[in-house]
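So the structure is just underneath, and the comments pick up after that.
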Amino acid sequence: MLLQQMINGFTLGSAYALTAIGYTMVFGILELVNFSHGAVYMFGAFICLILITTFKINFLMAFLLSLVITGILGMLVDKICLYPLRMKNAPKVTSLISTIGVSIFLQNLVMLLWGSETKNFPMVFNLGTLNIKGFKLSYFQLVIMGTCIVLMIGLTLIIQRTKLGKAMRATAQNMEAAKLMGIHVDQVISFTFFLGAALAAVAGIMIGMYYQTVDPMMGFMTGLKAFAAAVLGGIGVLPGAVIGGLLIGVLETLAAGYIHAGYRDAIAFAILIGVLLVRPVGLLGKPVQKKV
Amino acid sequence: MMLLEAKNITKQFGGLRAVDQVDLSVMKGEIVSLIGPNGAGKTTFFNLLTGLYSPTFGSITFDGKQIEGQSPERVTSLGMARTFQNIRLFSNMSVLENVMLGMHVKTKNGILNSIFRTKTFHDEERKSKDKAIELLATVGLEDKCEEYAKNLSYGEQRKLEIVRALASQPKLLLLDEPAAGMNPQETLDLNQYISQIRQQGITILLIEHDMKLVMNISDRIYVLDHGAKIAEGIPSQIRNNRSVIEAYLGKGA
Amino acid sequence: ACSQPTSSTNNEKDGVKESITIAVTGPLSGDYAQYGEAFRKGTALKVKEINANGGIDGKEVKILLMDDKNDPKEAANVAQRLVEDKRVVGVVGHFSSTASLATAPIYQKAGLVEFSPTASHPDFTKQGTYMFRNINTQAIEGPIVADMVVNKMQGKKIAVIYINNDWGITAKDNFTNAAKELGAEIVAEETFIGGQTKDFTPTLTKINEKKPDVLFLAAFYSETGMIAQQMKQLGYNIPMAGLSSLFNEELIKLAGDAVEGLYLSTNFFPGDTNPLVQDFITNFKVEYNSEPDQFAAVAYDTMGMMIEAIQTAGTDRAAIRDALAQMKDYPGVTGNTTFNENRDVVKSLKVLQIRDGKFTVVE
Amino acid sequence: MLVLSNVHAFYGNIQALKGISLEIKEKEIVTLIGSNGAGKTTTLKTIAGLLRPKTGSIQFNGEEIGNKSAPEIVKLGISLSPEGRQVFPRMTVLENLEMGAFSRKDKAEMNGSFERIYALFPRLYERKHQAAGTLSGGEQQMLAIGRALMSKPKLLMLDEPSLGLAPLLVETIFQLIREINEQGTTILLIEQNARMALMIAHRCYVLETGKIVLADDAKHLLESDAVKKAYLGE
Amino acid sequence: MITILGLALLVLPLAGLSSFALRMFIMVGIYIILGLSLNLITGFTGQLSLGHAAFYAIGAYTSAILSTRYGLGFGITAPLSGLAAAFFGLLLGIPTLKLQGAYLAIVTLGFGEIVRITALNWMNLTRGPMGIPGIPSVSLFGYELQSNIGYYYVIYGLAAVTLLVVFRIVNSRIGRALMAIREDELAAQYMGVYTTNYKVLAFTIGAFFAGIAGSFYAHYVSYIDPQSFTFDESIQILSIVILGGMGSIPGTILGASILVTAPEMLRSLQDYRMVIYGLILILMMLIRPQGLLGGVRFGKGGKAKNDASGSKEYNQAIWRAKSS
């Protein structure tokens, strides 16, 4: 049972990790906790579902199209709700409330457009299950975990190696200086939001497929957990988001399996707090060296 | 009388010895300068004295007490105050409030006092305020009491930082490049101001790259290079010290 | 400072026809908006039918629709507003026990009937004489379903998953007590937080270890759908049973063959040959182009009862309460309804099973 | 090469520049002096595109750049070593320098630029892999100057480059300015150390509260009593 | 100004307001207390807290349990609720020793969730989702409040006390220390401010008043369950503080008035209500990023001019230690 529970935990954790990557990217560049991320995740899943069911587009096309649409939505969120605040040099919490506004708006808009009930997400391809000595691992679970790892490595490479990645890091550390280096920071930020939102859509669609359901509220808890995961791993650090996500997934599963299902989220948060007390910048976060 | 004595202070950052076995002492009433090339370890030395870092080894005695590894809060309450190389004012607070914060360790009003606005509360507030305005007047900032600190010009901010540090009535005042960004005229004013402070019985330890100021005002000078002390003495000795010229002053000075 | 809801069209302007206003309140936004939607459709259909037949004594019936987001504070605001709105003669709502309990003191003090189609918390109607409900408390449903599980399904070892709200807890308690009396053993009791928990794999893995004969679900259709699907993915094969809360076509859409064979109880069933039910379904389809579920049905009945009370008592709020309390055998689409002395109802239940992707009555 | 005519600029509703007109010719060193808050930094920021002028025009080689964004202006060959250093604190020294060359195309020649900067500031070479945020104040200043040089600008703007540097290095910096000017780079310099600035500059503008109050050959100003008194501390 | 406002509030109910309007005023009063208490933590001390509803919940539950099980009246339950919440504030304040920015935010968020989930599961203590019905109404000096008018005076009395206390704390040596922490924690340490103690103090006092608000709420509505204390609630309180302007006392009052009544004003929009509400939240932030009354601290003579919104330093103080 322990082994099976671990597998359950890893799958759930991959979902958090996938979402946490988007969180951490946006945080990494703007130091902004983007509370609309959960709603964007939900939106991605819905768009894909609508494309498949209402517009009868084949899955692969629908998948790609949703990434693009959701990515554009992410860009718009930034352009409309956050960019003007940056221009006015507003306190960061203002942006935080703005993203909360976005999330309320999106969630209720989706309800208005497509109803608030839980919807079936069609099983697009049945990959079957791997059955080893009594425990089950579906191939789809492997797909989710694989996607997560691939994205993490890919994005890390982009950020470490490419010019775009460098521009992102520079923008994150000092926007004004970045402009002086010839970096179009607004484009870089837009792109980051595009990427973050598209990643959220990947996560939303994958999870929609895994649980075969989507609903307008699906982003709320996942969003919070993904935020927790990103922080646990050290916010701004991509591998940290993945490790944080997996850890929270596993811990939560074990808590539900062995302690008390009603308390599972409380236990997950309690452990998170415990870890932060020992490592105040998360598992992979680097402490800021004080220097005056 | 010895006010500050640092013995064998060393600070290691990974593979780098930013401060390397430095001995330094300051007598009550002196103005002592700490100079040296960029990255010599001067600011780090200040950070060690004031408890931001604890030394890898060595001991620091201030006013008869061991203070190495103590927190900045504690060091401040023992009577040390400093300014920062990069100005750190409380930007969204008024000039007056900045100075009154400097008095934090010298005042006592607690939470109950404040809520019930007792007589002690009013007395202390009034006294602090008067004192703060008086201090601001010494640098000509008394008219800007109600201004946000962030709205001051650079030079004014530097002055405010010094006044804020003075407000704690320190025994020892540490100044980290106070003249940076000031024009020659303003530097002259500063020179005078520091002398005045000394006349009030406050001991001063100064980091500065403006040699005119340093040579003019210092009783003694310590020179650091690559973390280690390469010279100490009175200004005329330092000015002519061959290794100091080579490492730091250049022929121009 | 408060704007008047536009939905309450005040027709004093033509001065010809008088109207009677009944408030309907439930979650029109937020997590539970779909149930509010069912309230809206069910009640509006009833009112449309009444008005088509000349209204109440020639007066047109109007609905004043109010969103409470299923949030107790919002609900209390709504309640305060309604008791002060002199046009309102009775209230159909609120949806959850939480909202209903939070508003009860306000309605009671003002003397306005609060008739909830769905609040099943045992304490609700104890809050005062103006509180009515149109749903079986679990004290009634639990034993019937326990009998179904233990005797029809041969469940000797039963695992239970319940939603962690007042309804889930009372449902679970009433079910397990009855099942134990029938000689069954409860091998696991697991809970989850509604709207929050989406992943049931740890709970299911744990339950599977206990090798139960039946998995009993005190849950709504959405989470039941997820549970069924995740169980299938994990490759577990445990027969499932549930309550009337599961009676919703969406469940089958959602979970497909994963819920095949599931047993449940209900007091509204579209397959019912009763012409009342058949007419309701037909009209509903014409009006909304969708199938009514039990929430729409019970809201329809609740509105019907409210109107009947007004027909007998007139528009005096207190008189309406008395008329409602004395109503006998109201013939509704959710069965014949009479209030007991606590203003609770007792409705007969049918047992259904999902067979070949359809809800089917089990004899 | 660069012509500002009647430039007005604001921070919110605080007016910092009240009609600045100035001109810099190819291969010149021009310096701006003025007391704290006069608007020197603001002038450079406006040229660099960090601040949009409200009215007035800025022309660079005949092209209007007042409405261009900072990155576009960098690509035209204007580079600024800003006030307050503005290094990328969590990047290494090396990465900071690489950022300086962000919009440069000629990858091949870049090694040369690195070598030149390292030769000028050996300390930066020693600390190639140290995070810039942990450098000492003076070291960060070296890095900021080095970074501005990395883009091989046509017009180099330096905002108080000697701030926080040791005396020996101050000499080096002024020598460097003269050197790169001789190699063909035009320079716009702000200095508190007005004497040194005037000594290497060709021409000088004096700013007071957002306006230019004096413009002349540097040599002349060095002799002017008013300037001596106000800015040279004599 | 304050006196006029106070007098207006005093005579308002006599002007024959409807019960509904009174109810809205009472809710606004509750949120003024919640907002002011959070403003002390977030606005003045700069510690972003996403779990303020937890203290509100602890206060409400303490009162509900004490009054329904032990028959205690509001006069006793209210201070005890404040103390209980303050105790947890102390408990939560301690981890903030080391944490900053997002890290602190998630800890406070987590704390809020832990409290809510515990309330949901600890059946013996809280009756879980069954909630606690039948909480007796407020009685003071043996006189039981029957009407909204009575509650109105009680809540505005409490709000006035909260306002006075917060105002006095903020305009004192303690308050200056708190604001210094917000502006630059390290520099504050160098002023001799034991920042940890002060942060804990802010959390404790803030929690105390949130607890009192919770106590009043419980007695006022007579039924509470965990659903009243969700994350949304914490966000609502935070929005009030930020909309009004961080570190602004009159701002919080304005913020509470707007955000509590807005959903009521929008009620006629039905399904579109929350969509519009989301938009309004965004718009208000865009129009006045520094908050409606940002910079107006209620200081001596409303000084501190309101200028080019929050500076960079201000942001950094909230989000993390300065690195330069």
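Should a chain be cited, it is by its letter among A, B, C, D and E, assigned in written order, with residues numbered from 1 in that chain.
Everything that follows uses one rule, which is that a contact is a pair of C-beta atoms (placed from the backbone, for glycine too) under 8 Å apart; a residue touches a chain by one contact, two chains touch by 3 or more.
Not measured: the values here are computed from a predicted model.
The minimum number of touch steps linking chain A to chain D comes to 1. Number of steps on the shortest path from chain B to chain E, with steps defined by chain touch: 1.
Set against the Cα centre of chain B, the chain with the most distant centre is C.
Among the other chains, the CA centroid farthest from that of chain D is the one of C. Across the two candidate interfaces, A-B and A-E, the one carrying more C-beta contacts is A-E. If each chain is reduced to the centroid of its CA atoms, chain D and chain E end up 49 Å from each other. Chain D has its Cα centroid 30 Å from the Cα centroid of chain B.
For the pair chain C and chain E, the distance between mean C-alpha positions equals 36 Å.
Residues of chain D found to touch two or more other chains are 89-90, 133-134.
Under the contact definition stated at the top, the residues of chain E that touch 2 or more other chains are 117, 120-121, 186, 271, 274, 307-308, 310-311, 314, 323-324. Within chain C, the positions touching two or more other chains are listed as 29, 33, 164, 191, 193.
Listing the residues of chain A that touch chain D in their complex gives 163, 166-167, 169-170, 173-174, 176-185, 289, 291.
On the side of chain A, the complex with chain C involves touching residues 1, 4-5, 8-9, 11-12, 108, 111, 115-120, 129, 131, 136, 138, 207, 211-213, 215, 217-218, 220-222, 252-254, 256-258, 261-262, 264-265. Only residues 35-37, 84, 123, 134-139, 141-142, 160, 163-171, 192-195, 230-234 of chain D touch chain B when the two sit together in their complex. Across the interface of their complex, chain A is touched by residues 29, 31-34, 37, 164, 190-193, 195-199, 201-203, 205-206, 209, 221-222, 225-226, 229-230, 233-235, 250, 253-256 of chain C. Chain E meets chain C in the complex at residues 18-21, 23-24, 27, 117, 120-121, 123, 128-131, 133, 221-225, 227-228, 261, 263-265, 267-268, 270-271, 273-274.
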